[in-house]
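Look for subunit A in each of the two complexes below; its partner is subunit B in the first and subunit C in the second.
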Partner chain A sequence: MTALTRVRDRLGALTPFQVAGTLLALALGALAVYPLALVVIRPFVTDGRIDLAPIRDMLAQPDLVTLLWHTAAVVGASGLAGLVIGSSLAWVNERTDARMGLLTDVVPLVPFLLPPIAGAIGWSLLGSERSGYLNLALRPLLGIEGTGPVDVHSWYGIIFVYTIYQVPYVFMIVSAGLRNTDPALEEQSRMSGAGPLRTLRRISLPAVRPSMGAAALLMVWTGFGLFSIPAILAPQAGLDILSVRVVQLLSFTYPPETGVAVALNLVVMLVVTLVWYAQTRMLRSTRTAGIGGKGARPRPMRLGRWRTPVRAAIVLYLALTSVLPLGALVLVSLTGFWSNTVDWSRLNLDAVVRTLTDTATQEALLNSLVLGVVCATVGVLAAAVVSVLVRRSGRGAGMLVDAAIKFPPTLSHLVIAVGFVLAFSGAPFHLGGTLWILMLAYISLHMPQATTASDAAISQVAPELTDASRISGAGQSRTFRRITLPLMTPGLLAGWALLFVTIAGDIGASAILAGTGNEVVGFRILEVFANGDYAMLGAISIILTLATSLVVLPVTWYARRRGGSPLSRTQP
Partner chain B sequence: MISRLRLSAAAALLLAATACGAGGSGGGTGVTSAVPADAPPALRTLIQAAQKEGELVWYSVPAENIAKAVSDDFAKKYGIKVKFIRLTSSDLAQRFAAEAESGKPAADLFVGSYTPFIPEALSKGWTVKLADAGIPDYPNGYPDKYLLPDDGTAVVQVQPSGIAVNSQEAGGAIKDWKDILDPKWKGKVILVDPRTSAAYTPFWNLIVKEYGEEFLTELKAQDPIVAPGSAPATQQLAAGEGAIVMPGVQSIADDLKAKGAPVEYVQPEASTGPEIVPGLAAKAVHPNAARLFVHYLMSKEGNARLNAMPGSGSPLDPASLPARYAFNRDLTGTTSERIHTLLGLGEAGT
Partner chain C sequence: MQTMAKTDLSQQTGEPPIVRLTGVRKNYRRVDRTLAAAVDGVSLEVAPAEILVLLGPSGCGKTTLLRSIAGLETPDDGTVEIAGQVVFDAARRLDVPPEGRGLSMMFQSYALWPHMSVFDNIAYPLRSRRGSRPGKDELAGRVVEVLELVGIPELSRQFPGEMSGGQQQRVALARALVAGDGLILFDEPLSNVDAKVRERLRVELLAMQRRLGFAAVHVTHDQTEAMELATRIAVMRAGRVEQLGPPREIYDRPATRYVAGFVGIANEVPGEVAGVDGRTATVRTAYGTLTGVRGAGLEVGAGAVAIWRPEHGRMSEDEPGGPNRWRARRRISMFAGPHIEHHLDAEGLSSRLWSGGGDVTADEVWIGVDPDRLLILPA
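Take a look at the complex of A and B:
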């Protein structure tokens, strides 16, 4: 057989779905790699030759060890805490009689709805040593004078705030995983006399391992990337966090020290690669957790006398992570500034009125919500196609495309945003100052979240189902549309909600890409923050949170109903 | 009662905003006005060309309310629609550089802090020298010491740094920089993190020049609270988390004071601060409007408008500056690395 006919044979074997999907994956890969290359390659090339000076400079940073140690400790500790808290909340909500309907479904997500910059400010308002609202309230109760008892500008304070932003990833993805796995095994285990702990360890945990792996990858990825929280809380705690250092290197003076900043980011990329590799192996090895079952709703496990304490713990967690920071922002917005005395008679709606009547903010809010819906939808659908293809194609090319999509966003979003300006602002695209450039950047930056969610979702669709569809004569696109996509829906909707929220409140890319013609909320928040107007910042954050929850809550509710319906548990 | 008054003020603002179809940072007015009758021919030609362009987009480091006041006045005077966004000095540099490099600058000009970015932008051909831009009668009697001919620009605003104090904790006790070192303020000094921007380097050079490097080591011994910026620092001050902010920004302190916060601003005689300069984009979409705007900012009327708020000094009104103001360009010698080390802050950069 000649080479030519072999190629023709292989091309002939490709279905339209594969061709379209491959093109889509390549486009996404290019979208992630091309802008980045424009910024990143330059510092590493001098006179046409590769120059590793930036790496040397990075290694010569005097306090590199402190920097890496502080960052690893904060990301690691918050990741572990997030994994434990998030999975516990998910398990209690999906499998036990302690669940409280919509409350336990969605409230773990509420702190996530607050953009990190607002969350960080909310927590510094609450937990500052002298004048934090929480300390002002606790001191008389505990009979303490002076400062404390809480200090958010500390190791534990920062890890705590990071954890709050990590829990929702775990909760959403593990919930979707639990919903998709067969509870019958757990029931059988219990009926065979195993206690709840043993059932958890032997049956439930292995079943949701793919989801937990996906969640861990996402947490490492976002943990290193979080910028607003350490920027606001870490300097006072004397902690050095990598994302803050990178932005300092990029923006302290001009020209920016892009080389060293990128070299530092390579360290992050290395860690993410290791986690990604571990997760990929885990997904491949887990073949037992596919969707099976008899189409029966799981019968919740009875917690007995533990039910009330468990419920109380959940309510406490929700109050601590959602009600408190939102309350602090409401209070600062009504007071007009951060004050250690609350004069109830002087509270006013001035900041709220200013925010609601500010046309720039209105426009920004609308743009952000529309971009959130559009980008999350496009991103998640594209991710689903890519995940299916990557799983089918096995190693090699599939992995490469997957890596091209997933890794660039581990770099500081500031670097990537500059890359997008260089790539798309001028000729031939002329997208500078439009919503299109924001859309491209948002989709590209959030593909890791989208593909991680969809990878986990697809890994739970048993191949027997798609095989059955194909054997019955359905084409690949049809199988994708009719079988795979509906079965992935709960996981994908979870991913959609994550994407929507982070995109609607995005600050990193918007700081460079938004402007007079394409104002978005994140950029508006930065403007207001630089102006020192905490009252308006509080008002905008609360309005944004209300707006995003109006979108996310129904979606989550729908995803849950859908996941719980016997129809989605079609038998293989 | 106060809240009622505030509400009515907000309502009035709303009315004003809807009346001229503008508001916030995207604001601008579309009133067409004729060319002033007393304008000399060159200026007249520029005004007509600018009006033909009809629009101006600029990036502002001066605070939002000031940028808006100037934009509205310019729009009303010349009938040109004005759009602006407010940025910190480092964001402005990043953004302007990337856009200029892509060949499609979104802003016709920027009005930003004088930093190493200014000569860099000129040398890369992203901006044009004001003297070569064909601005009528430039520099039109503008005081020499505010002209920066080598960098092709001129200082249009000076924002002297000072001290913000909590009036309940330290009211009246702080008059000058050295008062901050009194041991009774230990743990109560809020230090605005100098690692966030190179714009703080001249300020700390001034302190070293006035008091020697000991000032910085003694300040470190005061165990300061490190704040990520002037805005959060002043909020912490208002709440009594600390008693003193160094360096303080008057516009932010005054704004909080007006809202009833126990915050005061003290202006020591020896001072320096961000010096604000315009930069004309070489490939501006509205080049004539940008030139007319620079002409306006350097005119008596426009410069007074730009510097109407307390906390900014006008080159055309020496009385608006602290007695011993020192220019950024005269304040070098101590590197940012040295400053950070003396203050006991971890180092960024090599």
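Take a look at the complex of A and C:
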């Protein structure tokens, strides 16, 4: 009764939670839009008038069709392959007796721990036509002379490496979706006479459609943005990839053709818009929201005689995607240089010692790890608040803020990084060359990943659970802290791991925003790569991978344990 | 003794109703973008310590109305008062959020928080209320007390995911009771468990309500549940209250054909009003002229139905006395335990009749209904 006397909330008035959340969302939106406006609008405005010359110049690029076709083909093919492989791995691990504990739990994520540039170099070391380690090993076995049999600098090679980097996104998000789906839906299907495959196709896959939609969005977004892989693999394959072209226009053309680079990115933005729209529709459709479950732990499906082949395929995939490139990097750092022959008797730790005692590298590692932890935490918490507000407010303002946060980063990171330089390095902020500018840029650039993960997480929390909290006398803030946030935790931790790894190993934005004053690993790797020091490159990659693994593996393990236990079923 | 004194007091002092709704309307937009009213101008009051049951088929607006009282829906029009305080007034743009309304609610799906133990689930309302937050010992004492009240003292350390549906339901009930609010809302909380458990919970719920003296608004589509639990029933149809009254009145004197058909079984005989006189009316039907209790809105010459309940018909081999009698053919008889259900055909109309024993063996029978037990309502 006493609470009744405090009648102060009026229709249309905002609660403190809404005010704080809205301010946060607006700040994030501004952080994304402002630098972008500086870099994007400038080329289109000449003497105070709108000038569409950049679009004309873009359309006049002689190889525009080839460029778009190559990029779309690589992103599309690797995305489809990633969706199939990632979902299959997730399903096998969550629902069948072919799972192998920790191995299938976390190892699919390992490619993720290897920064894409390290992975690309690793695959280059392995699969180069002439002196790739894989070819050196295979040739005697197959009796081939000269070159081959594999060539990673090719259509299939580049799609393969892209796919490896797409699979972890799908695996993580679809696993979380499956864990929150009532296994009774599947058991009912089996009882209705459907076999495992039919059940997978007709029941399990539709149930995790929101998760797959979120994964597809992330893949399209990261696929177009991946720079380091095509930079290393594409030129020799004769492929034109958009992200590489953008960097050429920005950095290797004088004067920089920012306008054309931006215009090219607008094409990407269009594609991402379409995927985002489709995904939003999917999340809102009630047909996929019917996830119930009274808390029974799913009994793994028996695969029978298929169990061994399935396990073998998984182990082979894991070996191929994690062990081989890591092995190549270890080998090159132990031999000290990359050559046609490996002298096993002369392996040494010189390069590793050289890397570990290098002060610039030490500083870069420390900065990257700290920035990774801070930015991932801030980003994920902010994303959770925004997701809750967007879900509550429905269409209109919520969608707008959502779009403002999600869209700008769909442009190339390099373009936005230039925007951050324009916006924050000079007066009045003077953040150039500091860790602060990196922090702002990292958070802003990774908000799409963070909000996509938190959108998927909130869609799994039944509205009644928050209603019940409000009825119990808890306000919006308390409901968020005590009910919504804990229930979103497994999904948010997955998002956190994603952010941490990509931020710690970021190359794109770092290439432009970092320097000797605010050294980070990505920048350091570029410096070393420019010097052609493959041994040190291998050593840095391995040290970074080990360091991020030490952080991410416990977090992922904890998230999966929380997500997998009956205690965290998100619906009663 | 104590409860009696309380009831008397409330009647004498004219204590304000615990809930007062005035002209509550809630519109929603159909898929074809036209507006429709889910709740269409409902006004009603709930007295302290009363159980008001909102009864109706799915889609009649009963849950929307309940959620409007809770503050989980924002009506488009009308006012909501709880314990004399206005908590919603569309005209004044006043809307107290759910946490400020000082009531409890039990959800259809129980809405237990899977990440909290039973103890924490139940303690949550005590910890969340503004103002008087109890100390640690008092809190634990209160939770244990409520757990014992609902009969699951041993489950306090369990998690919702580890319990049966019936146990989860008891936890949800405990969580609704723990704050000791004067008003508890129930959104079809008994619909998810099997019939036996449901019956037992109904009895316990009623006993608990008598003991604790809270008022309740209870939504259900189950007419048996409604009649057993209710002090008064509000039968809802398409967003409006069709009839509001004690269960006996609703059952014995339904105001409309809709209410008669929704609550219990109603045999209908269509016809035309022959005459009205004081409290009685006569109607011409295929069975001849029938005399019964006069319903509201009858006009001589207009269409009407004569309605009777299966347990109010008498079946005999010989022609009975009295005004309402007709011949019927017995199609089938079924033993149902407490009674025998007979399915009858007469003049192309089928009807059901319950009798106590198998005394009638003939297939051609006489049916008689006491004029007090025959209700004449507008068609």
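The rule is short, and it goes like this: the second predicted complex is superposed on the first by the 550 of 572 C-alpha atoms of A that agree within 3 Å, B and C clash if a C-alpha of one lies under 4 Å from a C-alpha of the other, contacts with A are read in each partner's own complex, and residues count from 1 in each chain.
Here is the rule we go by: contacts are C-beta pairs under 8 Å (C-beta built on N, C-alpha and C of every residue); 3 or more make two chains touch, one makes a residue touch a chain.
This is a predicted model, so every value here is computed, not measured.
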(request) Scan A:462 for contacts with subunit B and subunit C and give back first, second, both or neither. (result) second
(request) Kindly classify A:131 by the partners it touches after superposition: subunit B alone (first), subunit C alone (second), both, or neither? (result) first
(request) Mind working out whether A:248 is in touch with subunit B, subunit C, both or neither, as first, second, both or neither? (result) first
(request) Once the structures are superposed on A, label A:473 by its partner contacts, choosing first (subunit B), second (subunit C), both or neither. (result) second
(message) On the A-aligned overlay, A:361 touches which partner chain: subunit B = first, subunit C = second, or both, or neither?
(response) first
(message) One more residue to check, A:154. First (subunit B), second (subunit C), both or neither?
(response) neither
(request) Please name the chain, subunit B or subunit C, that touches the greater number of residues in subunit A. (result) B
(request) With the two complexes superposed on chain A, say which partner A:482 touches: subunit B (first), subunit C (second), both, or neither. (result) second
(message) With both complexes overlaid on chain A, does A:519 touch subunit B (first), subunit C (second), both or neither?
(response) first
(message) On the A-aligned overlay, A:530 touches which partner chain: subunit B = first, subunit C = second, or both, or neither?
(response) first
(message) Show me the residue ranges of subunit C that touch subunit A in the complex, using the header's touch definition.
(response) 70-72, 74, 82-83, 85-87, 90, 93-105, 107, 109-115, 124-125, 128-132, 159-163, 165, 168, 175, 179, 182, 185
(message) Using the touch definition from the top, list the residues of subunit A that touch subunit B in their complex.
(response) 57, 60-63, 66-67, 121, 124, 128-131, 231-232, 235-236, 238, 240, 245, 248-257, 260, 336-340, 346-350, 353-354, 357-361, 363, 414, 418, 421-427, 430, 432-433, 511-512, 515-517, 519, 523-524, 526-527, 529-535
(request) Spell out the part of subunit B that touches subunit A in their complex, as residue ranges. (result) 2-3, 6-7, 10-11, 13-14, 17, 22-27, 57, 63-64, 83-88, 90-91, 93-95, 97-99, 101-104, 106, 115-117, 120, 193, 195-198, 225-232, 234-236, 238-241, 249, 252, 255-256, 259-261, 336, 346-350
(request) Within their complex, state which residues of subunit A touch subunit C. (result) 1-7, 9-12, 15, 294-295, 462, 464-465, 467-476, 478, 482-483, 486-487, 565-572
